[in-house]
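Listed after this line are the structures, all set down as structure tokens.
Each of the next two complexes has chain A plus one more chain, namely chain B in the first and chain C in the second.
Take a look at the complex of A and B:
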């Protein structure tokens, strides 16, 4: 079976569709890390909040997640912006270690708030297209997974355009490496920090809307994703956006193959095996740069 | 154009500037001279809003700007080319220059880019190169070009000769004179006394946080107190 190229392609493609979500969650994490130089411990909690937002929009308002994304992505951008600018930054007094602790504290607050308000019940939605399969030649893929893959690739392109073609993107990259120089040309570093946090949060909201049709939501749903996203960011190179996207897709494929080899429930072993190997042999990641 | 009165600034309990008075008139080149560690860079960073002064007033184009945010000061045309260049190493030369007009003169970006490349033709050959790969002299040109992209009314150059070869230093000072001739007022903060006084109209000599000496450059060159103040003898 493993020698059958059609089967291998099918597994690989399936892995890519799962990896697309990993890639999006990791992209947000990499952006925030790249610019603020901190790991956002609240990242998984923000994903969870976005999943609940999409869930309630669907169950209470009848809004399809693919439509809800049009409101949730901008909404979460604003939420992330305000969170960084008016909560995280003021409490942290400009010290990176404090930022780390504040995001950890926020995640505890969000998770327990969710547990209190919405209980630990696992919730899912039923959309008709979740059971629609699309034949792509080597295999049939559930429509929402195909959409997720397409969206991740689109976001990758949009992100690249934003970062290289707009002043905002250039300013974000400038702040990532040279904060003082950025201030000198009149870039508000505080604003760019908040924009980056907002963008990272908006991408998470997008991931949530793509995920919900084939997944579930509980107050602790974020953990699994953020752990993989962290691995992805290390794999791709801390702060590298392309590395995060490719790393996420790659980890999806790795998970799919180790699932086939070791059994579905052990699929994630492959991810962490890769994680350890990368740390051993290439600690800067595939696209990371050594910082003097 | 710029008036500084009784300026005090420092870092925490460390008081670096202790009562500076300074006047800059439109069209001048004014040198601020002094040995290492006397507060030259602190003065710059205070003028540009990177450090909040602890006392005194800064009046720029008739408005008080002491303690204003750096982006507001840049927007008003007071622009710094910092010590250590502070270019963006991960961006291309072109992107570095473009960000020079992030806050000011964005509409004239193409025209100003052309102008900067006439002053610094070597940057034109390297537009697509990552700025971190440039030589020290080229990085200084880039930092200066980036400053000019914002159409400064007053350009503060902090140690533009630092780390450059003697030939590059000559080239740099020649360019500063040309830039001034095109209407940009310049404050030249330097350790290189002789060459700075060679192009400056007036100079201030900073010593331990106060101006020990000031006057027309031609007069200062001959003043025995200059050597005394500068060398701390």
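Take a look at the complex of A and C:
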């Protein structure tokens, strides 16, 4: 079975489409890390909240997730902005491990608020196009997964354009590189921090809308993603967008193959082992600069 | 190595309170609650040694707790070990896992948030492993057969479990108290405050951190052994899941990280808060942890030294 090239390609492509979602979630995390140099432990919980938002928009309002993204992305941008500016920054006093603990506290709050309000029931939505399969030669892929793959690449390009071609991107890069210098030339560092956090959160909302048609939501779903997103970001190089994109796609493929080789239960181990090994032996990842 | 008079007084009151508690608390519900509170204080003290005194914040203390729980369970169930012998091996195994994890991550210079994330990843690796391995009961977990009697470390009278965890916690606090006043403790705090400066002064930071994480791992596995004997069950989510890692750090952070009584005070505060929220909002899942999360943020914002900071300000 493993010698069959068609089968291998099918597994790889399936992994790629899962990896696209990882890449999207990780892009937001990479931006937040790259600019604020903080590890946002609440990232997965924000994804979970966005999934619930998309779920309820669909079930209560009949809004398709692909349409809901138009409201959710800006909404989550504002939410992320406020969260960083008025909760995370004041509570953490700018200290690294404090930020980690504050975001851990936030993730505990979000996860358990969801558990309290919406119970631990696993929820899915039923959209007609989820059952539409596209034949790509080696295998048939569910349409939403192809859309997610395309969107991940598009968002990657959009991020790159934003960072290199706009004044905002310039300001973000200036703050990421040299906080004090940026402040001296009149950039509001607190504002840029919050904008970056907001952008990272908006991308998470986008990922949630793309994920929901073929996935599910529970209050703990974020936790599964948070380690994967960290692995992706570490693998790609802290703060590197192209690294996060490629890292996410690669992780999806690795997960697909370790699932095939080791079975579903043991297969999850691949990602955690990669995480540990990369942190230990190549903390700069593949596209990043030396950090720690 | 002497207690200050204030501390001696506090210690006397604390000891009297906890020793006499079963005389007044006769309902099994409340006694169970106090037993669990002391259990969380013990788990928190183990985190406190590494995270509070040494400044190495761990997000995966379940890796040690779970090792203690699983090793003692597997030895008893699958290899016919006596519970006490199993417990001894389990605690050694917890220390060993700590030494290994510390040696690997500190050798490669992991600090701060990176160290925290790596401990979490290790806990996840262990969780997946025990969840897929037949020897560890895979998805079903490990069930310890009921064999009442002190020889099997099981007690029909739950008061004995209370005194057991009290004795274990007292021993852990004595160890931390001794470390706090030892040369090693001073090194540990120096590493927390400024590792580069400590290194420059000739402290072998790597060794100090590895010793700290070894002791911390052994202490957390004591908590794991107790848990298994108390509930006679462990599975991969209880043992190595993120909940136990969070429990380990909440009590010391809320009580006061890097203080001797911080974990105990934090555990008591969390226990009280948990009862209050249940009283106010009913026994709905998630409510307790929701309150814990809010309390954590409030403490981080207003009392960076935890509840102990309230006392220290006046002393």
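In this section, the second predicted complex is superposed on the first by the 284 of 292 C-alpha atoms of A that agree within 3 Å, B and C clash if a C-alpha of one lies under 4 Å from a C-alpha of the other, contacts with A are read in each partner's own complex, and residues count from 1 in each chain.
Just so it is clear, a residue touches a chain if its C-beta (ideal position, glycine included) is under 8 Å from a C-beta of that chain, and two chains touch if they have at least 3 such contacts.
Owing to the predicted nature of the structure, the values given are computational and were not obtained by experimental measurement.
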{"item": "Side-by-side fit of chain B and chain C on chain A, or clash", "value": "fit"}
{"item": "Partner chain(s) touched by A:279 [first = chain B, second = chain C, both, neither]", "value": "second"}
{"item": "Chain B versus chain C as contact partner of A:102, first or second or both or neither", "value": "second"}
{"item": "First (chain B), second (chain C), both or neither touched by A:91", "value": "second"}
{"item": "Chain B versus chain C as contact partner of A:185, first or second or both or neither", "value": "first"}
{"item": "Touching partner for A:115 - first (chain B), second (chain C), both, neither", "value": "second"}
{"item": "Contacts of A:174 with chain B and chain C, given as first, second, both or neither", "value": "first"}
{"item": "Which superposed partner A:74 touches (first chain B, second chain C, both, neither)", "value": "neither"}
{"item": "First (chain B), second (chain C), both or neither touched by A:61", "value": "neither"}
{"item": "Superposed model, chain A: greater residue contact from chain B or chain C", "value": "C"}
{"item": "Superposed arrangement (fit on chain A Cα atoms) - minimum chain B/chain C Cα distance in Å", "value": "20"}
{"item": "Residues of chain A at both interfaces, chain B in one complex, chain C in the other", "value": "none"}
{"item": "In the complex with chain A, residue positions of chain B that touch it", "value": "48, 50, 69-71, 73-75, 79-80, 82, 85-91, 95, 98-100, 102-104, 106, 146, 150"}
{"item": "Chain C - residues contacting chain A, complex", "value": "55, 57, 59, 104-105, 108-114, 116-118, 120-122, 124-125, 128-129, 131-132, 138-139, 242, 246, 253, 284-290, 292-294, 296-297, 300-301, 304"}
{"item": "Of chain A, residues touching chain C in the complex", "value": "38-39, 87, 90-93, 96-102, 104-109, 111-116, 119-120, 219, 223, 227, 230-231, 263, 265-266, 268-269, 272-273, 275-276, 279-281, 283, 292"}
{"item": "Contact footprint of chain B on chain A as seen in their complex", "value": "167, 170-171, 173-174, 176-178, 180-188"}
